[in-house]
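Chain nomenclature is as follows: A, B and C, assigned in order of appearance, with residue numbering initiated at 1 for each chain independently.
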Amino acid sequence: MKKGVFLFVFFVVLINLAFAGGVKETVATPTSVGYQNVLKVGINMEPITICTPTKGTNVMCHMMSFSTHNTLVTISNEDNATIKPCLAESWDILDGGKTIVFHLRKDVKFHNGETMTSEDVVYSFKERILKGGTSRALLSSVVDVVADDDYTIHFELSGADQDLFYTLSAAPSCIISKKAVETEGDEGECYGTGAFKIEEYVQGEFVRMVRFDDYFGEKPKTEEIDWIIYLEDSARELALETGEIDICYSPANSDLPFIEKNPDLKLISVKGLNVYYIGFNTKVAPFDDEYVRQAIASCVNKEDAITVAFDGLADAVDNVMAPAVPMYTHVDGYTYNPTAAKELLSKSGYPGGFKSTIWVDRADEEQMALVFKENLAQIGIDLTVVRLEATTLKASWNNADYQMCLQKFGNTGGPGTSFSYVFTSKAPANRSKVSDSNVDLQTAAAAVETDQVKRQAMYRDLNEYITKKAYWAPICVPQIFVGIKASVKGAVYKGNGSHILTYAYIEN
Amino acid sequence: MDKHEFALDVSNLTVEYVTSDGIVHAVNDIDLKIPPQKSVGLVGETGAGKTSTALAIMNLIPSPPGVIRSGKIILNGYDVLHMKDSELNQVRGSEVAMIFQDPMTALNPVLNIGEQIEESILLHEDVTRDEAHEQACEMLEMVGIDRSRIYDYPHQLSGGMKQRVIIAIALCCNPHLLIADEPTTALDVTIQAQVLDLISNLRDEYRTAMLLITHDLGIVADMCDEVSVMYAGRIVEHGTVEEVFTNTKHPYTEGLFDSLPKINDRKSLLKPIIGLMPDPTELPEGCTFAPRCRYAMDKCFKRRPSLNAISDTHEVSCLAYEDPVFSIERNKHGR
Amino acid sequence: MYRYFLKRLFWLIPVMLGVSIFIFIIMDFFPGDAADTVLGEAASQEQLEEYREAHGLNDPVMVRYVRYMANLLKGDMGISYVTGRDVFKTYMQRLPNTLLLAFSGMTLAILFSIPIGIITALKRGTVLDGTLMIISLLGLSMPLFWLGLLLIIGFSLNLGWFPTGGSGDLKHLVLPAVTLAVAKMAMLARTTRSSMLEVLNEDYIRTARAKGVSKRKATLKHALRNALIPIITVIGIELGSSLGGSVLCETVFSWPGVGRLIMDSISKRDIPMVTGSLILTTMLVAFLLLVVDIIYAFVDPRIKAQYQRKK
């Protein structure tokens, strides 16, 4: 009997030791001249597509890809609007904007040692990005990508696509090595041209990047960046406090005070790009009635919602275009006014109100929707909040019972994306099922308007038109937070959450 | 062998069980003496406090809820109630051993019978494991089981064999006192006699005193020298088997005899004792048997009788004998 | 007896068939598929269709199932829709972490809860018993998530003894294992207590005491072994449930186990990953239960005899 218990315990301990021995030791951080060798970043989700960046769908992957891969052009970090050279050192715009010739840098090496030539660029676009890549929908104007010589290529466009450069600067439009993908398959995409190369990705644990010595640009001061996954927000914040990580991506609002009051830490906040909005199924009654939508847009208390869902750390908005998007001009929208809302509803076909459901998938959306349920009860609209699992929601937009939703949209591209992505009849994320020829025509016209002043005016008009029509009821734009060690320097924090940490470093 | 006046000397023993429904008065101020090598029967209905008495002698009353309120138990010279548990462990099994009522549950199902016999030997005798094993084998043969079955588990044995194993365990360390608590009640009638014979023979061989607890007067007649009749936690009559059987004094004892079938007079009806034993949490003020007693008088309900000697060896606890001419029915017709 | 266990092993085949059919059908009921999750919001309708066609997502569920099973028979569990990586390799990469956490959590739980269960059974009704049982009730009802964060704040932030999360050396294991152990301990201590209480009242314990066996030895040698069957059952069940991964524990401590993998795969509608992981987990659990049955036979000769009769 005693022997049995002993054997059992012994067996268990043995197994534990066996596995413990097999688990990798984390690399210690030796300090050397000047800078901390390893920068550790706590991230909040699995960077699944890190090894296939052209298929990157989440901000996390975009952010990480900026350190490993490069795009033809890039957006200035100063104003988030000016286009600057990257893999293409210069370009010519011909044919009234329908042909764009890119002159590539000649000193660019991939992480696998290959030199980048026009062949790789053409392959990246024609075989990867335009075939199943994430950017494909935004590159619909591209007719062909042609190599003119080893270091020159040109894009043939169906029109003078003014947002093209924004799209080309996005992470999923990065250039990958033709040879690597042809020999290694999809994951050959992991060889980029960036300042860091991916050394190891252990799913569920971390991505380790080490400095790429043949990088064509300025060398980072940090030798290695470890992106470590902490799914639980508070655990990630605690890891920052204990010093296990140097940068904490997106800490929870409730944890922000702990970062603020810790003298060793610093809280970074940036104006965000994600617009939270109420979308309406305008294909069905009563939301095909403009007055109904306007009444709802004037009857939601955004400040209350922001307090409840974001601890007040968001800006209320009433335009469908986010203020941080290039070429934004403010127009008057609907603000909280139940009396006006009642009046608007009385002009509609449903003066006494009606019953409806609103779909959400995230907790913050649910919290806001519950505030709005109370608000809308004042004008007789009886709202039921339904929280669906994210993928279920994605697959349910065409269901007959879809009426309203509370979602978010972040425009990370050019100004045109604010409309072509969500309001045109063929828009991929057209949650309000808008089918308005005016919107379609104006969006198409603005996209190819080469006079930038005129173009900005066109977007102002579109913004005003859609805002007035209340295809959305815009709610707010939450601030973006990053918790860092006070000694972290060189990082660029972006409103779209895709921070650029390539040059982040800590001085010893 | 130590020479003591009694193998067991119990005096003023009171055992109570403290439960949420009240205090159960299981054993109430009893005296019990067993001379060396003699056999005493303890007779009574279920719930009379026989098993509690036996467990008290071993100081194994389950506590909580059991409490030994008062009394003195001298077991072959050992003051059982005033010994440390570690000292008691030396007494249990070697000075006194016990045979339990239900052999089906009295053996540990996960240990083989060899281990269970050897355990006792190893505890009390200074022997090696091998010697203990050999002794266990011998013991097994002594109780009539082939030594090849020493590695059998209890579930592989029949009820009678299990009881034999239990007897082997009880007697393997040659105790001075054997307490047999209804040793045959759970067995088939055919096996009962065999087991009783076995106990009887082994007792002769080992010269062990015995406290035989039973509700069966027939067994007492066969096996015992003296008998105590217990009712509701009290001894109501005590005497030699001869005295109690032929010169029954207590109405309850009489009731017990009347409820037995008579071999000579098969046509006579059995006369069960009417009524139930009193609730042990609320014992009546007077004689506890009075409510069921056909001779009960007013004073029986008010005054508690004490155990009074009738002869040197015969005692009875009954107020009726304050009247010198009183005699129970059994004695009037008996002769 | 060996034939009995061999037969049990063969039973795993229909179990696996059942599990895989079940998973396919359930996953088919869920709205949305891998195309929705892999391609992202920007994907056009044609892109979605292209993807579905390429991955055979438009085929009826039974066709997909038969195709999957045919590959499975060839030893190919397929590749993940989401990562494009081999399902078996991905699972096996995570499994050691899950086993490590499950076994250490369980070992800790056993080391503490069985003595607690025995002590409370022996001291039934005393203040000690009451206190320990209330503590174990707390353990049972305490949210794992909250306990985990509490431990991180106490031992990582304030004392700095252990890292807040991740895997690596033994230090990383301590907090998640303790958290898991607390949850398991409560259940195990209560089972031990009630099982011991039952056994301590058995006649054979009295027999042992009457032989002169000390209370301690009677408890540990005679009672515990008899009380062990329900305890082993609970250990088996709890261990089995941890083999599927403890999602909460893995999330709080960023522990890269199987639980998170399965959760992620379900939300991404990554059918090959979900099916593969669940089949492998089912096999592990079934194997574990078999081991539990074998342990029963060693603990209790009556059960061994039953197995022998069943062959």
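Rule of thumb we're sticking to: a residue touches a chain if its C-beta (ideal position, glycine included) is under 8 Å from a C-beta of that chain, and two chains touch if they have at least 3 such contacts.
Note that this is a predicted model, so its numbers are computed, not measured.
K.L.:
Starting at chain A, what is the smallest number of hops through touching chains needed to reach chain B?
P.N.:
Counted as steps through touching chains, the separation is 2.
K.L.:
If you tally contacting C-beta pairs, which comes out ahead, B-C or A-C? Let me know.
P.N.:
A-C
K.L.:
Using mean CA coordinates as chain centres, what's the gap between chain A and chain B in Å?
P.N.:
Spacing between the chain centres: roughly 87 Å.
K.L.:
Approximately how many whole Å separate the CA-defined centres of chain A and chain C?
P.N.:
Between these chains, centre-to-centre, one finds 36 Å.
K.L.:
How big is the gap, in whole Å, between where the Cα atoms of chain B centre and where those of chain C centre?
P.N.:
53
K.L.:
What positions in chain A touch 2 or more of the other chains?
P.N.:
Residues: none.
K.L.:
Taking each residue of chain C in turn, which ones touch at least two of the other chains?
P.N.:
225, 299
K.L.:
Considering only the defined contacts, which chain A positions touch chain C in the complex?
P.N.:
The touching residues are 1, 4, 9, 12-13, 15-16, 19-20, 22-26, 46, 48, 52, 55, 57-58, 132, 134-138, 185-187, 202-206, 228-232, 234-235, 238-239, 241-242, 244, 389-392, 394-396, 421, 426, 428-429.
K.L.:
If you look only at chain B, which of its residues touch chain C in the complex?
P.N.:
Against chain C, the touching part of chain B is residues 55, 58, 60, 62, 64, 85-86, 89-94, 97-98, 100, 102, 105-112, 119-120, 123-124, 153, 155-156, 166, 169.
K.L.:
In the complex, go through chain C and note every residue touching chain B.
P.N.:
124-125, 201-204, 206-215, 222, 225-226, 299-302, 305
K.L.:
Inside the complex, what are the residues of chain C that reach chain A?
P.N.:
30-33, 36-44, 47, 50-51, 82-85, 90, 93-94, 96-97, 99-100, 103-104, 106-107, 110-111, 145, 148-149, 152-153, 156-157, 160, 163-170, 173, 220-221, 224-225, 251-254, 256-257, 260-261, 264, 267-269, 298-299
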